[in-house]
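Heads up, the next two complexes both have chain A, just with different partners, chain B and then chain C.
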Partner chain A sequence: MECKFVPSVCSYCGVGCGVLFKVVDGKLTGTLPLKTHPVNEGRLCVKGWNIHDFVNSYLRLKSPLIRAFGRFIKTDWEEAIKITSDRLKDIVRQHGPDSVGVLVSAKMSNEENYLAQKFARAVIGTNNVDHCARL
Partner chain B sequence: MKDQVKKWLESGTVDIFLGMKMVDGHPLPHAFTLGNISDLEELVPGTVRYPLETFAAELAAENPDARIGLAARECTQRALNVLSLWNQAPTDRIETIKLNCCPSPLKEHAACSYLDPPEAGLFKKHFGIDNAADPEAVARFEPRERFSRWMYEFQKCIKCYGCRNICPVCFCEDCSLEHKDLIGTGQLPPEAPIFHLVRAVHMAGRCIDCGLCEEACPADIPLRLLYRKVNAVVDDLFDYRAGEGEQPPPFNIIGERPSLEPKPMENGSACPQR
Partner chain C sequence: MAGLAAAFGSGAMTNSIADIEKAGCIFIIGSNTTACHPLISRRIYRAKERGAKLIVADPRGIQLSRFADVSVHHRLGTDVALLNGMMHIIVKEGWHDADFISQRTEGFDELSQVLDRYPPNRASSLTGVSVGQLKEMARHYATYGPAALLYAMGITQHTTGVDNVKSCCNLAMLCGNMGVAGGGVNPLRGQNNVQGACDMGGLPNVFPGYQPVTDPEVRAKFSAAWKKELPAVPGLTITDMVPAMLEGCLKALYVIGENPKLSDPDWNHLHHALKNLDLLVVQELFLSETAQVADVVFPAASVAEKDGTFTNTERRCLRIRKAIEPVGDALADWQIISRLSSAMGYPMEYGSAEEIFEEIRQMAPKSYGGMTYERLGIDGLQWPCPSTDHSGTPILHTQTFPRGKGKFHGVDYQAPAELPDEEYPYALTTGRMFAHYHTGTMTRISEKLDNEQPTGYVSIHPEDAARLDVAAGDPVRLSSRRGEMEAPARITRSVPIGTLFLPIHFGENPTNVLTSAETFDPLAKIPEFKVAAVRVEKLPVEKEL
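After this line comes the complex of A and B, so read on.
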């Protein structure tokens, strides 16, 4: 019998409420609001209260899938990234860089968002960068 | 308290002790065992409250041989009493160390997150219900005004189920609040006031007045006040106060007869006038 309480940050929206995970024998079994967190002060919304459900969901996507022949086929990250970059290069070559848009997330860190816009502007060559909080 | 817990763990009185530990400035619940006995240095009473009794009841249910220790506030002890009466917690396997909490003239240095509640704003005081008000003060409003004030509060609900999720005495597998035939789905606020009244009725004779629901409510609905009111009705009718004594709760309908008789009638009326 092993029981742990792990403080973390809710993975849903950009607010970033503090959550406390209850881990029993290595399995996430419950979510509670972190009472002393300055952002949510012990409150959560219905999504935050149920994080343990999606972590343990059997429907959860655990590896990248590639759509081929009308079906999703499981693959590894290396191949997925390779295929994505090949397709992006094809699209940019055929239709120009402005045919690509990069949508980033409120849930990512500033550094990740910076990298994403750098990727859009310097690698692809477009200013089509936007953010889920503005969608 | 640290010495007592250490003694308990070393002698095998308890296999696991649930208390609060300071982690990076946050008091968090922690399971102390023989394996991490050095953590006991950081055991604190903690001013914030988590439903430790719920964790203890769940651990006890999953591990039928485990003995569990608990840092228990007065509300924790009342909750354990209710859980035991409803056969949800084996109190013979749960040891408690009592903490200094609910204040009284005898003990001033009480530690509880509820001692310093946020003050209600002007708008809430004018159109809603002050969370710090007492049930009698709320009962003095005209019925129409009282209704509109309660509806103002209920319509702020975002249906997060936080009140139910944090509640130490909510243990049902199937919850009426999630039953689609009882409460409509897909709209916000949820059907008011039925959503809140269903929960209030289920809290009658069960609520131990810990106030965790109100602390967890993002909409600041005066839930504690509401459940105090229903508990007052149970007290009037059955002379029953949840969390005290060994009497089974009045609404325990398992068995041939209701477990508690109503109080003798007053002035020929079964229900006291209010």
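After this line comes the complex of A and C, so read on.
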């Protein structure tokens, strides 16, 4: 049996508590507070203690889905990306870049937010990019 | 953030979480801290144990109200009147910091003229807070310095959200509480990386590091780095995107890690808007309410399945580390965006999240320039951190403000856009409860968290309940000018008479069927989630035979 603890950050509210993910044989089995962390000093709230629950949920999406004839069908990345990029390219060609909007997320990492707005601005060519801090 | 930027020149929590313990007085307005930011409320209790004074202003009775030295319940949407009333008393009693005002600020005359119109009697009649309580609030905040001001969505989710924030800044500057340990104006961000999403340019008007898209020099810099001509006109906010979808101007929407069907105001309105799109792409952990109506759904990796950084509410950039492999075919959001981008003819070939972070350092050098993955370590660093020998900035504005002097704004009270009337006699407000988070996609599937609160509910005062003949748990129908929904009643004195409270987490009792998309702050475009007028009816209880 292999057991390791990986330091990370809670993904719920904006406080940013330090957590340790407990990993046993490649499975996430628990969440612990990080003792020395400057934000939470070894404590967590009820949500933070249970992060592994949503990570491991059977409801997680496991493959890309495409809607065809009103229903979702499972597909692979290659096809999902191809269909999406073809349709996006079509829309940009027909209606211009400002006919596309991108909603980024306060739940994504900095790196991912950076790429998402770069995608909107440099790839699509629009400043229609916003997130839900207003909401 | 627009209010903070107008007063100081930058929008973020000015002080640090640990710093709250150094406060002589803590003033909490529009934040149910114990439910929404539990590990910050711990600092508040610790400060209190050490002898700090606590002022809590909230239309509802919240847990912190019970521990407060001064606890007031002002009417929904009267924050500006309350703060102006406090400042009127502070100036009159001579408790303001004249040195700070003359050396560090401008516009005090403009503020004083407005404050003249808020004598205690008027402030009291507008807010429903007694003159005696107003005086106690003013005395505590002004005389037990340094005083920390904490607020959250209770301040910003109003048509007057920017005015509310400006008033908070006025109060803090008036008493010289800026740039000192234990003081500051501290917005508590609701989601783990709101600060980072803003810092990274996830906004229609700015590039990463709040560099305006309208500035030709800035645009030239990003154009050169990204090897692409970039658009100069600011884009649509989320609040503007919905009408654009309805009018057919916005054809495609790419939603990453958001569930606007539950988080946006006016569910019916948005439902039609999404149906009108030619293409809706949703990237998510779960088949959320929004993903269910998408054309394409991309499965995303969770926090434990990828590397990266989050920036918390105190501007601290913290590393997340990959602990396990993603489930199924799920990929990290950055990998999905890179693939899509490459397929669109703009190759993005990043080998790791760290490579992207290195690009961020280059493009937002003033705030993130001095951070590296190695330097961030476990504890992270607080921006601004401009160079690799800089140890980060726990307290902002110690010497000057980014705009030079802090600016007072004379702000007058304006009533919320929709007040109760004969047809819709109750005031509805919304918020979170401790066991759940935002639209519930991550918490409601946890058995332990679901046990804490499995269903939605509506809080109603016992006197109102008696008038409507509603008992605890009875289903009631709430209707507003936008729509109607049902929820079981929870009878509690935590809401005042005539006011109802709904938690936002429950898709089967969607709060945003009732709230309005038409009423939002004109500048910040934040919808007024905190006040709507509704009617309540008791529903017949289905009896088991």
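We adopt the following convention: the second predicted complex is superposed on the first by the 111 of 135 C-alpha atoms of A that agree within 3 Å, B and C clash if a C-alpha of one lies under 4 Å from a C-alpha of the other, contacts with A are read in each partner's own complex, and residues count from 1 in each chain.
Just so we're on the same page, contacts are C-beta pairs under 8 Å (C-beta built on N, C-alpha and C of every residue); 3 or more make two chains touch, one makes a residue touch a chain.
Note that the coordinates shown come from a computational prediction; the quantities given were computed from them, not determined experimentally.
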Could you tell me if A:122 is touching chain B, chain C, both of them or neither one (first, second, both, neither)? second
Quick check on the superposed pair: does A:62 touch chain B, chain C, both, or neither? Answer first, second, both or neither. second
Among the partners chain B and chain C, which is in contact with a greater number of residues of chain A? C
Just to be sure I read the superposition right, which of the two partners does A:35 touch: chain B = first, chain C = second, or both, or neither? first
Is A:1 touching anything from chain B or chain C once the two structures are fitted on A? First, second, both or neither. first
Classify the contacts of A:45 with the two partner chains as first (chain B alone), second (chain C alone), both, or neither. both
Pick one for A:24: touches chain B only (first), chain C only (second), both, or neither. first
Once the two structures are fitted together, what part of chain A is touched by chain B and by chain C alike? 4, 7, 34, 36-37, 43-46, 48
Residue numbers on chain B that touch chain A, as the complex places them: 15-16, 18, 23-31, 48-50, 55, 58-59, 62-63, 66, 113, 158-162, 165-166, 215-218
Could you please specify the touching residues of chain A with respect to chain B in the complex? 1-5, 7, 20, 22, 24, 29, 32-37, 42-46, 48-49
Which chain A residues qualify as touching chain C in the complex? 4, 6-18, 21, 23, 26-28, 34, 36-40, 43-48, 50-55, 57, 59-67, 72, 76-77, 80-85, 87-89, 91, 95, 97-135
